[in-house]
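Here it is, the structure in full.
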Amino acid sequence: MDSSIITDLFREFTPMAPMLVMLLGALVMPAVSLGYKRRGGVAAVSLAAIAASLLINAVLLASGYSGEYGGLFGYDAFSGLMILLFQSVAFLAALVSASSTETTRLHFGAYSSLLLAATAGMMFVATADDLITIFVGVELASITSYILAAMKRKDPRAAEAAVKYVIIGGLSTAMTVYGLSMLYGVAGTTSLDGIAASLSTAGFSWAFGIAVVMMIAGYGFKIAAVPFHMWAPDVYEGAATPVSMFLATGSKKLGIVVFFKIFLLLFVAGSAVASFATEEVQYAFAIVAALTMTIGNVVAIAQTNIKRMLAYSSIAQAGYILIVMAVMSEYALTGGLFHMFTHVFMKGGAFLIVGALICVGVGEKISDYRGLGRRAPFLAFAMLVFLFALAGIPPLSGFTSKVILFSAAIFDGDGVMTQWIWLAFVAVLNSAISLYYYARVAKAMYIEKGESEAKLKVPAPFLAAIAVCLALTVILGVYPQLLLDFCADAASALFG
Amino acid sequence: MIYDLQIEIPYLLTLLLVVPLVGAVATAAMGGKRERYAKYVAGAFSAATMLLATVLLFTKDMGVYDESYSWIESAGLRMSYILHVDGLSVLMVFLSGLLVFLVTLFSSREGDRPNCFFALLLAMEVGLMGVYMSADYFLFYIMWEVTLIPMFFMISWYGGPRRHYAAIKFFIYTHVASVVMLIGIFALVFQSASGGVADFSFQAVLNGQFSDTFQAMVFLLLFFGFAVKMPAVPFHTWLPDAHTEAPTAGSVLLAGVMLKMGSYGIIRICLEALPQGAEHWQWLIIATGLVAIVYGAYACIAQRDLKKMVAFSSISHMGMVMLGIGCLSEAGIQMGIFQMFAHGLITAVLFMVCGLAGHNIGTREIPLLGGLASKMPLFAFFMMFGFMASLGLPSLVGFWAEFGIIFSFYEYASSNGMLWLIAFCLIALLLTAGYYLWAMQRTLFGRLTSKIDLSHVHDISRPEAAALGILCLLIIAFGFWPQAAFDFIEPYVGSLGAI
Amino acid sequence: MIPIEAYLAFAAILFAIGAYGVLAKNNTIVVLMCIELMLNAANINFIAFAAYSADAIGQVFVIMTITVAAAEVAVGIAILLNAYRAKGTIEASGLKSMRW
Amino acid sequence: MFVEYTWLVPLLPMICFVAVGLIGKRTPEGGAYLAIAGAAASCVISVLVAYEFFTSAAYHDPGYVTAEIEWFKIPGGFTLHFGYYIDSLACLMMLFASFISTLIFVYSKGYMHEQGAKKRRYYAEVSLFLTGMLGLAVSSNFLEMFVFWEIMGLCSYLLIGFWSFSHPEGDDAADNAASAAKKAFLVTRLGDVCLMAGLFVVLYSFGSLDYVRVFDAAAIHAVDQDMLVLGSLLIFGGVIGKSAQFPLLDWLPDAMAGPTTVSALIHAATMVKAGVYLVARCYPLFAQASEVMLFVGIIGGVTAFFAATMALNNMNIKRVLAYSTLSQLGYMFLALGAGGYLIALGIETGDHHLIAAGAAGYVAGCLHMANHAFFKALLFLCSGSVIHAVGTEDMRKMGGLHRKMKITSVTMLIGSLSIAGFPFFSGFWSKELVLETVMHASDYGAEGYLFTILWLLAVVTAFMTAFYMFRMWFMTFSGKPGHASEHCHGESPASMTAPLAILSAFAIGFGFTILFGFDALLSIGVEGPHHQFTVGAGEAKGFEYLSDIFGSAYTYLTIALVLGAIGIAHLMYNKRSVDAGRFNGGGESFVYKALTKRWWFPQLYDQISWKLGYGVARGVDFIDRQVVDGTVNGLSNAVAGGGELIGKAQTGDVRSYTWAVVAGVVLLFALMLALFYFIGGGI
C-alpha cells in the first residue's frame, strides 16, 4: 500500500501522525461535549477520531513505512503494531463507554478527552526513541487514567480506587524517574540508541544496576507485575468497567512496551559485551514472571468478584508476557506481541461482558452469573469463549499465542534448547490452574440455576464490541497468520 | 484381504470432521419446541459419520489415507492441516463413529434439553476423530483439548449428584496432563526444526535427530500426559469420579474412545518419534501397566457402585494395553492396539448396562440390588454378556487381546529372566473374574431385592437393546475372527518394526 | 569541587525520606507530598549528572519531571477531594473497602 | 469320507444353541426336540467318524488325522490354527459325550417338563455345553481346546446357576445356587489361569500350540526340560480346577444346586471329564518327567480318598454322587499318573517293559473315564428320577421307594454295583486295572514307595465307595417309606426311564470291551529324548487281562472289601441291626464333624478368598481414596487455600501496597545481588 497520502499531509511529522490525530480529538472533545446533550454524539466524535487515527496507522503499517522525528520518535513495524493495539483498546472502550451506566454522564466530554489523551500517551511511548519521550508518554497515559478511574457515577469504590491508583502510581513514577536519572548518569544521554551504544562500551555498573531495578519496579507497576500488582484488583474493581477494560488491556501493555523498548534494546544490544549482565537480568525477569503468573492465578481462585478475578487473571497474563523479558529472543518477542494482541480481545471481551451485564443490573459477584446461559445465551457463550481462550484452550486465540510464547521459553528461534524450560513448566502449570477459576464462571453461567430467568437485553454497542472481540478471538486462534506475520516483522524491527 | 474394496471418496477424512461438526451445530439449533426432533437430526448425522468411518475400512490400502493442506506458516513456525489414517487409527476412527452413533441411539430417551445433549455428543466426536486422524502436532493438540469441553459440559449438565466436583476434576486434571504433554511436543517439534522452521507435522518430527538423553527426557513428559489420559495408576483418580457422575452416553465415550487417546498417543508419538526413549523407559511402561492391572482389579472388588466398579475395571484393562505396549515387541503392540479396540467395544456394553441400572432401577449400589434376572431378563443377559466379555471369555474379543498381551509379556519376561512377573497378570485375570461374578451374584441372582421399590422397574427398551445388540454382535464377530482387525494393525506394527 | 557522590548521596537520602513518608503516613495528602520529595530526589540526580557531564538533556528532563509532578499532584489532590466527598475521609486506613 | 466332516460334530449343537435361543419359544417343549436332534446328529456323525477312523487303515500309521485352517497370527512367527485332530482318544470322548448327552437331553424332556419358559434357556445352554465338550474333544490345538474349555466353564456357570433367581424352592435356594455358580466358575477359573500360563509356556517353547507340532519328538527334544516340566505342571493346574481335584475340589459338591440333569452332564459326559481328557491328551508332554506324573498320581490318590470320606455320612443324595465323582476322577488321575510314571521311567532307562506297563495305566484311566461316564450318568439320572418323584434331595426323607419305582431302583442298583466295582460290572474291570497299575508303579523308581501309599488309599477308597453307594441305595429304596416318599406317585415317564435302561446296559457291559480290544484302539504316541514308543500300537491283550486280574491276590482282596462294605451298609441301613450312630459318637466325634464340614475346605476357601480378595481390596480402596485421591484433592486444596492466604495480604490499606512495592524493590536488589553472586558474570 502506498502511504504517500499521509506522508504528504504530515510531512516530517508522519511518525507521529496517528498520535497527533488522537491528541487533536482529545483537545476538541470538551468543545464537542458542549454541542451535544447526549453522550452518543460525543462518543461518535471520539470514535471518529480513533477511527481516523486507526486508518492512518493502518495505512502506515501496511505500507511498511518507517521514519523518525528528531531522534525522539520513530515509527517502524514495532511501533506501528503497538499503536494498532492501543487504538484497538481505545476503540473498544470508546464504543461502549457512552452506553454504559457506570461511566459519567455529566462529564462525558472530559471522559472522552481523557480516554483519547491516555491512548495518545500510550501511542507516544510506542514510537518513543528517547527516555524523555517514554517518560512523558507514560505519564500522559498514567495521569489521565487516574482521573478515568475516578470517573464513575455513584460509587464510592471508584473514589477509593483512584486514591490507591494515584498513590501507587506516584510512587512508581518517583522510582522510575530515579531509575531513569541513574541510567542517564551512567550513559550520559537519554536517547535509547545512545544509551545502548555507550553501555556496550562502558559495561555494567552499580548505578546501572540501581537503574534497572528501579525501572523494573516503576514500570512493573504499569504491568502489575508481582509484587507491584496490588493496586490492580482494587482499581479494576472500583473503576467503571470500560475503564477497567482499558486499563487491563491497554495500560498494562504500555508497561510491557516500555520494557521491550528499554530492556530488549539495551540488553540485546549490550549482550555482545561479555561483562554485560544480561543473564542476571534475565533471571530476575524470569523470577518476576514466574511469581507474577503464579500469584496472579492462585489468588484469582479465591476471588468471588468477577472483576477482581479478571484483574488477577490479567496479572497472570502479564506474567506470561514477561517470559519474553526472560528469554529475550526475537521468537519470544513475536509470541509476546501476539499474546498481547490476543489478550486485548479475550480479556477485553470478558470485561466488556461484565460491563454490559452491570448495565442491565447483573451484579459483579460470580454467583450473580448463575443461569446466565439461559438469560443471555450470546453473552454467556462469548464469555465462555473468552475465558477458555484465557485459559489457553484450543483452538482459541489464547492457546495459539501461548503456544508460541511458551515454546519460546523452551527453544529459541533456531531450535536450540534454552535454560528457561522451567519457566515454561511454571507457565503451563499456571495455565492449567487458571482453568479452575475460569471453569467456575462457566459452571455458574451454564450449570447452576439462577434466581431469575428473565432474558437480558444489553445495549447494542456492547454487543457490537463483544462480537468483534469474539470474532477476533476465534479467528486469531484458527488463523493466527493474520497477525503473526506483523508480529514477526515487529519483532525483527525491534531487534534490528 | 476381504476388506480391500478400493472405495474412494474425496475428502473422506475431512468429511469425518465436518459431518459431525455440522451435525453438532444443527442439533444445537434444534432448541425450544423443536427439541423433540433433535435426536433424529443427531441420529442422522452420527449415522452418516459412522457410515463414512465404515467406508474408511474398505478404502484402498487397508484404510491408509492422507489429506494435507498448509495452514499457518509464520514466525518460523509451520503448522499444517494434515489428516492421516493408518492401521493404528483406522480402528479407533471406526470405533468413535460407531460408539457415537450407538450412544445416540441408546440415549434416545433423553428428555432434558436433548438438543444440547446430542450436540455435545457430536462435538465430542469431532474432537475424537480429530485426535485419531491428525498428523500434525498442532492439530493433534487442538483436537486433544477439544474433546475435553463437551465432556466437561456433558458431566456437569447431565451428570449425577457430585457432577460439579467430578467435572472440574476431570477437566483440570486432564488439562494439566495435556499441558505437560504440550511441552513435550514443543521439545519434539523445535528440536527437529530445520532451516529455522519448526514444522509441527508428524513427518517432520520423525525426520528429526534426537539424542538419547533428549529422548529419555521428552519421553517422560509425553508419557505423563498420555498416562493420565489412559489413565495409569496413580494418575487415575479423576476417572472413577468422572464415570460415576457422567451420564451413560458420556461414560461410554469416555471409556470407549477417550481413554484410548492416551494409549494412542503413546504409540503414535512416544514410540514412533522416540524409540530410544521408549527403550530407556521400558521398565516404567511395564511397571505402570502391571500396577494398573492389579491395582484396578483389586479396587473393583471393593466398589459398591456398579459403575465405579466398571470404571476401575477400565483402569485395569487399559493397564493391559500399557503392558502390551511396554513389551515393545510387534506382538505386544499389535495386541495392545487390539485391546484398545476390544475394550472400546466391551466397555461400551458395560457402561450402557450400568447406566440402565441407574436409570431403570434408580440405583447402582450393588448391595441394594439382587435377583434382577427374573425382573429384567434382557438386562441380565446383556450385563452377563458384557461381564463375561470383559473378564476375557475365550471366543469373545477381549480374550484374544489379553491372551496376546500376556503372551507378549511372557516373551519379554522370559527373555529377561523375570518370569515371575507373569503371576501379576494371572492374579489380575482371576480377580477380574472374581469381581464380575461377585457383582453378578449380588445384582442379578439370588433373592429379589426388597431394599428398593421395584414396582416401576421395566426392562430394556428397543433402541437400547438395539445398541447393545450391535455391540454384542461385534464382540462375538471379532472374537471369532480377530484376524479381521489384525489385518489392519499388522501392516502398521510391521512398519513400526525397528523397536 | 563537590564530588558527584555527595549529590547522589543527598538525593538518595531525600529519596529514602520520601519513601519513608509514603510508607508510614496515614494521611494521603502527606503521602502525595512525600512522593514529590522522591521525585525531587530524582531531579537532583538529573541536575547533578547534567552538570557533571555538561549535558543539557538532564535539565530538560528535570523540567519535564517538574511539570509531570505538578500535574500529578493536581490530579492527586482532586482525586483525594473526590474521595473525601464520597467516603468522608482521606486517611489510608479509611479507604479499604476493597480488599482480598 | 466322514472324517472330513468332523467339524460338524461341535457345530451341530452350536446351531441348536442359536436356534433354540432365537426360536426355541415357538417350538414344542421349549426347544427340547431341537436340542435332542442336534445331540443325536452329533452322535451319529461321531459314530461314523469313529468307525471310519478305527477301520480305515490309512489312519493307523500316525495314529491321528488332522486338518486346520489359519485362524490368526501373532507377530513373531506364531500362527494359530483352527481345525480338528482326530485320534482314538478324541473318538472315545466324542462318542461317549455325544451319546450320553443325547440320552440326558431325552431324559430332560421329561425332567424339565414343568419348567415353563425357562426351558428355552435350559436347552440352549445345554446345547452350548455340548458344543464345548465336543469342540474340546476334536480341537486341533491347545488354544482352540482352551476356547471350548472356557465355553464349557461358562455353561457350567449358567447351568449351575440355572435356579439362581426365582427358585421354585424359595429365595435361600436361589442365593445358594447363585453362590454355587460363582464358586464353580471362580475355582475353575483359578485352574484356567494356570492352564493359560501353561499354554504360554508351550507356545513360547514350541512356537506353536498345534498338537501335531507340540507332540513331536524332535520338538520335544529341542525344548528346555525345565520349561517342559513347568508347562506340564501349569497345564495340570488347569486340570485340577476343571476336574475338581485336590485341593480345588470344593466347588463340585456345591454345584449340585443346578438341575440334576446338569449334574449328570457335568459329571458324566462333559466338564470334569475334560480334565482327564487333557491329561491323556498331554501324555507325550507329561510323560517326559516322572515327577510330573508322580504329582498327577498323588493328586488323584489323595482326591479319591478325601472325596470318598466326605461321602460317607452325607444325607443329600446328589452330594453323595458328587463326592463319588470326585473320588472316581481321582482314580483316573491315579491311573494316568501311575502309568505315566512308569512310561517316564521307561523312557529314561529305555526299558520297554516299563513302557508297556505304563500303557496299561493309560488304558485303565481312559477305560475308567468311559465306564464312569456311563454309570455316573445312570446314577445321576436315577437320582433325578427319585428327586422328581419325591421332591426332595434328603435321603432321610426317602426310603422304601423300591416298590413305587421299580425301574429306577433296579437301574440305580446296577449303577451302584458298577461304581462299587462289583465283579463283572464295568466299573470292576477298570478299577482293577487302575489298582494293578498303581501296584506296578510302586516297584520302580526312587519315589515308587509313594505309590504303595496311594495304592492303599485307593483300596480303602474302593471299600468306602461300595459302602456309601449302598448306604445311599438302601436309604433310598429299601426300608420304611420316609415322609417324602409318600408323595411319590410312582415311576417317572418313559422319556426318563428309557435312557436309564440304555445306560444300565452300558454300565454293565462296557467294561468288557477291555477284553475285546479296547486297549488296542486306544493308542497314543509317547516320545522321549532317549526313546520313542507308541502305547497300544494296535496290539490287544484281550483275554490276557483275565489272567492278569484274576491271577493276582490283590484282586480278591478288593472284591472281599467291596462285598464286606456292601454287607456293612446292608446291616446298618437296610436291616438296621447296627446303629450307624455308634461310629460317629452321636455326631460329636472329630472325624464325623470333619466329614460334615468337608474337612473344613469351604471355610478355608472362604477365609483365603475373603482375606486375599476382599481384605486386600479394601486396603487398596482405602489407599485409593485417602492416599492417591487424597493427594490430588490435597494439592488442589493447597492451591486454592494458598490463593486465599496470599489474597489476605491485600488488606485494602494503600500503605500495605506501598510496603509491597518498596519491599519488592529491596528484594529485587537482593535478587540481583544473589544472581550476580551465583552467575558471576557481573562486575
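In this document, chain identifiers A, B, C and D correspond to the written order of the chains, with residue numbering beginning at 1 in each.
Here is the rule we use: a contact is a pair of C-beta atoms (placed from the backbone, for glycine too) under 8 Å apart; a residue touches a chain by one contact, two chains touch by 3 or more.
Computed from a predicted model, the values in this text were never measured in an experiment.
Trainee: Return the chains shared as contacts by chain A and chain C, ordered by label.
Mentor: D
Trainee: Identify the chains adjacent to both chain B and chain D in the sense defined at the top.
Mentor: The shared contacts of chain B and chain D, listed by label, come to A.
Trainee: More contacting C-beta pairs: C-D or A-D?
Mentor: Between C-D and A-D, contacts are more numerous in A-D.
Trainee: Could you tell me which chain lies farthest from chain A when each chain's centre is the average position of its Cα atoms?
Mentor: If we average the C-alpha coordinates per chain, D ends up farthest from chain A.
Trainee: Chain A to chain D: how many Å between their CA centres?
Mentor: Each chain's C-alpha centroid was found; their separation is 78 Å.
Trainee: How many angstrom lie between the centres of chain B and chain C, each centre taken as the mean Cα position?
Mentor: Going by mean C-alpha positions, chain B sits 64 Å from chain C.
Trainee: What whole-Å value do you get for the distance between chain C and chain D if each is reduced to the mean of its CA atoms?
Mentor: Averaging C-alpha atoms per chain gives centres 96 Å apart.
Trainee: Rounded to a whole Å, what is the gap between the Cα centroids of chain A and chain B?
Mentor: Comparing mean C-alpha positions, chain B is 43 Å from chain A.
Trainee: Find every residue in chain C that makes contact with two or more other chains and list them.
Mentor: Expected reply: 19, 22, 28, 31, 95-100.
Trainee: Indicate the residues of chain D shared as contacts by at least two other chains.
Mentor: Chain D, residues with two or more chain partners: 636, 647, 650, 652, 654, 658.
Trainee: Indicate the residues of chain A shared as contacts by at least two other chains.
Mentor: Answer for chain A, listing residues that touch two or more other chains: 163-164, 167, 171, 175, 233-234, 302, 433, 436.
Trainee: Going by the touch definition at the top, which pairs of chains touch each other?
Mentor: A-B, A-C, A-D, B-D, C-D
Trainee: Can you check the complex and tell me which residues of chain A touch chain C?
Mentor: Contacts found on chain A: 131-132, 135-136, 139, 142-143, 146-147, 150, 156-164, 166-167, 169-171, 173-175, 177-178, 180-182, 184-185, 188-190, 233-234, 237-238, 302.
Trainee: Which residues of chain D touch chain A in the complex?
Mentor: My answer: residues 636, 639-640, 642-644, 646-647, 649-650, 652, 654, 656-658, 660-661, 663-665, 667-669, 671-672, 675-676, 679, 681-683.
Trainee: Hey, which residues of chain A end up touching chain B in the complex?
Mentor: Within the complex, chain A touches chain B at residues 331, 334-335, 338, 388, 392-395, 399, 403-404, 406-407, 410-411, 413-415, 417, 421, 424-425, 428-429, 431-433, 435-436, 439-440, 443, 446-447, 479-481, 484-485, 487-488, 491.
Trainee: Where on chain B does chain D make contact in their complex?
Mentor: By the definition above, chain B touches chain D via 169, 172-173, 233-234, 236-238, 295, 298-303, 329-331, 334-335, 371-374, 388, 393-395, 399-400, 403-404, 406-408, 410-411, 414, 422, 426, 429-431, 433-434, 437-438, 440-441, 444-448, 481-483, 486, 490, 493-494.
Trainee: Would you mind writing out the residues of chain C in touch with chain A in their complex?
Mentor: Against chain A, chain C makes touches at 8, 11, 15, 18-19, 22, 28, 31-32, 35, 38-39, 41-43, 45-46, 48-49, 53, 55, 57-58, 60-61, 64-65, 68, 71-72, 75-76, 78-80, 82-83, 85-87, 90, 95-100.
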